[in-house]
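Letters A, B, C and D name the chains as they come in the text, with residue numbers starting at 1 for each one.
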Amino acid sequence: MLLTPEQKSEIESLRSEAQPTLRSVSPGIEAMLYTPLPVLDHGFVRVIDYMGTDSAIVQAARVSYGRGTKKVNEDAGLINYLLRHRHTTPFEMCEIKFHIKLPIFIARQWIRHRTANVNEYSGRYSIMDKEFYIPEPQQLAAQSRLNHQGRGESLEGAEAQRVLQLLRQDAMQVYSHYEEMLNEDATGKKLDEKRDGLARELARMNLSLNYYTQWYWKIDLHNLLHFLSLRADSHAQYEIRVYAEAMLEILKAWLPITYAAFMDYRIGGTSLSAKGLDIVKRMIAGQQVTQEESGMSKGEWRELMTVLGKN
Amino acid sequence: MLLTPEQKSEIESLRSEAQPTLRSVSPGIEAMLYTPLPVLDHGFVRVIDYMGTDSAIVQAARVSYGRGTKKVNEDAGLINYLLRHRHTTPFEMCEIKFHIKLPIFIARQWIRHRTANVNEYSGRYSIMDKEFYIPEPQQLAAQSRLNHQGRGESLEGAEAQRVLQLLRQDAMQVYSHYEEMLNEDATGKKLDEKRDGLARELARMNLSLNYYTQWYWKIDLHNLLHFLSLRADSHAQYEIRVYAEAMLEILKAWLPITYAAFMDYRIGGTSLSAKGLDIVKRMIAGQQVTQEESGMSKGEWRELMTVLGKN
Amino acid sequence: MLLTPEQKSEIESLRSEAQPTLRSVSPGIEAMLYTPLPVLDHGFVRVIDYMGTDSAIVQAARVSYGRGTKKVNEDAGLINYLLRHRHTTPFEMCEIKFHIKLPIFIARQWIRHRTANVNEYSGRYSIMDKEFYIPEPQQLAAQSRLNHQGRGESLEGAEAQRVLQLLRQDAMQVYSHYEEMLNEDATGKKLDEKRDGLARELARMNLSLNYYTQWYWKIDLHNLLHFLSLRADSHAQYEIRVYAEAMLEILKAWLPITYAAFMDYRIGGTSLSAKGLDIVKRMIAGQQVTQEESGMSKGEWRELMTVLGKN
Amino acid sequence: MLLTPEQKSEIESLRSEAQPTLRSVSPGIEAMLYTPLPVLDHGFVRVIDYMGTDSAIVQAARVSYGRGTKKVNEDAGLINYLLRHRHTTPFEMCEIKFHIKLPIFIARQWIRHRTANVNEYSGRYSIMDKEFYIPEPQQLAAQSRLNHQGRGESLEGAEAQRVLQLLRQDAMQVYSHYEEMLNEDATGKKLDEKRDGLARELARMNLSLNYYTQWYWKIDLHNLLHFLSLRADSHAQYEIRVYAEAMLEILKAWLPITYAAFMDYRIGGTSLSAKGLDIVKRMIAGQQVTQEESGMSKGEWRELMTVLGKN
């Protein structure tokens, strides 16, 4: 994460300007506002704005004229109830706005979450930053042999080194050619006075998918929780999971009651199918159940046993 | 609008609790927070929370690290440009949350705007308030003869009086029977100790569509502007237009630059079809154009002439 | 359900006009097209159009050039996998369009599902039908004492009779006054030549919430399954559940593989929180677990025991 | 566009399997089903499925039991009216599903249209095709000097040749290194039996943004028209505009009445601001109006004069 001195000073300036407001205030997230949390080698997540606190959820659930209940206890009981019973509308009453810097191949996964507002840095207007993602060596995993979309073991030394070298070399080269085609360097300085330079909207196609982009991303709490339940999951690609983990920290500071309920009901919880529930009941009753007579496929049975801590 | 003393005191209490925040603050809307603006005979709109200011739009459009520009002039130029060219994503970066009390038949129109978050008072859990809408006599219009969905002239004295009497009488009666079926009065007091009372989710079906409901309604600025451009329009039903007009006042206090641009580009503007544009060009060139040779239907021609101030 | 002879003949005419198409065809749902399935006393659900079959889901999941696999077995395996792992996008590739007649108080619940397309019969243009919902006597339940939004036991004879009488009498009266205000009867015939009649958009406010409305409702399969998982649930209000049940029958005819997977993974399945999963593991290991040491509230414990068939 | 013999034969097989259906059928689009329309050097658009015809819009607008009107004339009048008055819900009652092959940098623009269903080819599961976009020489435009995001004149010979060489060379090289990192070639054949190969979800980050991806994309007609009005516009990037133009041809074959109305009211039409409308009225009245006294900025005035054919 390379912040210019100018960017740092803009952030410091924003953090020094407290003003009075009559709105709900969450002290935990105020302490984090504007400051980037580093993610990957050059990425970050930072909170630009937020709306609501845990009691805004209670207030909305009751369609109340005042602040909701006065007692933290009652708020927690209601929030647990709402999350457990998937009464989602009160959670939509909180909103958060992030500024995120992330590699393009991750941005392409991220944007599939449609119920959010996005304003992305434009490669049609502006020159893309010279920043690209190179994985840590321990993240250089082989294709999984079990799971068609996952990662297996880390690559060994020489193969890993070769991968890093290729990624770095190609990223440097495509950017150097990007500048040559634009006839401008990364700061916008013209290279050759006699040439026009290719339009930015075209030249950008030469960049590789590990280049960083950035956007403002605004989402309501219900949809944020949905995003986090998918992207903080162990099956999510590592490079998006680390963003989700940073956002879980933000959630904890912003809405401590909701965070606790979410960890219990979603992140730490599980789903059982009708067959799975039947198997669980039989196991509780002390019966032996085998995959063969369970009606489940082998894959599904293995998944259930993993959830139940049986393998 | 009947606020109980308890509701009034909750609102006063919220308005007396200013706290420091590092977020953007709009002084204009802070002055209105929580206070109901009366609409119709018992309805209201009040702002519960908001996110962003005019400069948040600029900040998002530039995906900037700081507050955007420092100069109001530049902000206005950019906001005008964005609105004129329908670059809508930066406007999605502001958000507002309202508490609204409105008749059910208006709520049914309102909810058709799907890109918003809603939490409605529940007639399954709670007893509906004994409040219903009765139009002002001058609003008692006849069905329009020109426009299949509009209103024509106001009804004359005796017919208007009869309508008001029927509306009032039926509304009183259905509520009285609602209480009898519930075996509870409006305050939840049991009427007859020996009866159970019908479930609330069933008894509510006896209420008429002019009964008031209320909800928390949260929406981003882009979608709010779309709502206002349709519902503050002269073709919108009067009973929803008055809510849109109250919200225009709120918008003006919240985001003065965006409000001015919106009044110019949307509320005061118009659309021309290809045919309409061709006719306008010919009229500017001093040619006579008639409906017959315009290629337009009579209705479309009449609409165009009205827009151009020709009838 | 009162279909006029003209409506019946329109439906028959549509059902007699088979045409060749190169699109995927689902024989099961073709047999049901256009024909209303009766729901409640005057409501119905009928399928107007559909897009896709079980193999369209497979085809989309593979982004394939052809039809997907040829083998039903493989299709079922993949569909099960997708539904179990919440890979939802391939399910969005099927679409269905219904024509539904339903009481307004149910329409108000229904419309909260926002990710659908709706075109409702307009009470601004047209006269509302004289049809209202009166529950079957066995559906006249008391407010539940356990569950704040549910129903308890059925009301006894005299109280039930009184409820039915009030509902019927008020519904008849508000419609009769609706006609008087409109100065038109249900067929559009003017009542008094000397009066204008109140605008339709106003007069409709006198109708009660058990009056029927109707709409075209179009939704993709993923969102339909979400709707059904909430509305076919035993906690849903009876009057919407019966519509969901009719739509489950349609789903079964349309997409038999998806239907079977949905019944296993959603309708018959359950969710466990982190605490719930821990309790289940301990019970499988033969330990005694009590509510007091479970960390769960009494309500949550009772819900878990019900799911596990323990009470 | 490189279709393999297998893909061609799958398409032919689908086109040979007509089946009877009771649904609405559009003969114009049936003739195009499944067949790819080539776009750019390797891309295509092909229709996989559709729902509805022009009369489905009429049918929905009337919430009718039958097919809508029998007369094409009346259908056209109503569709014109609906489109002119932005009554958008009946247009949502048609749906179309495409299979599209497009460069990744265009896919990133495209996906910003959120109200659509997308299922993209997965670079986590599968090896990306070795196909990348190289512009035609006449498309190699310089950055516009007037318009910050547009294209200016085409580049001259030597500069253009250099750009094409760089694009081609880098694209070839990054793919070759992609295969080396994967330890697989484009067909999935292992290269070196002793190495594991990097996980696909990681190796793909080395590909450049002109590589092609493909997806199934399904959208309702209202949102398709919105997409086309933005992307068939002269300000849209050329590489997305050619897709929009192919889809306009499809629209014309599918829904000829809607297509004609859309060309008149959207594609060929324009918007006027309040200021613009006032200027037009004054020009029609024969007055001279200048930018200085118009209240418009220079840019806005220039845009208006262009619309009015004055420069």
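A few notes on this one:
Just so we're on the same page, contacts are C-beta pairs under 8 Å (C-beta built on N, C-alpha and C of every residue); 3 or more make two chains touch, one makes a residue touch a chain.
On a predicted model such as this, the values are computed, not experimentally measured, just so you know.
Matching CA atoms, the turn from chain A to chain B amounts to 180°, rounded to the nearest 5. Judged by contacting C-beta pairs, the busier of the interfaces A-D and A-C is A-D.
In whole angstrom, the spacing between the mean C-alpha positions of chain A and chain C is 34.
With centres taken as mean Cα positions, chain D sits 29 Å from chain A.
For chain A, the set of residues touching two or more other chains reads 89, 112, 118.
The touching residues of chain B, counted against chain A in their complex, run 3, 6-7, 10-11, 13-15, 17-25, 30, 33-34, 48-52, 56, 59-61, 63-67, 89-90, 92-93, 95, 97, 99, 117-121, 214-216, 218, 220.
Chain C meets chain A in the complex at residues 77, 80-81, 84-86, 89, 112, 230, 235, 263-265, 267-277, 280-281, 283-284, 286, 297, 299-300, 303, 307-309.
By the touch criterion stated above, chain D contacts chain A in their complex at residues 103-105, 107-108, 111-112, 114-115, 118, 122-125, 133, 135, 139-144, 148-153, 155, 159, 162-163, 166-167, 170-171, 173-174, 177, 180-182, 195-202, 204-210, 237.
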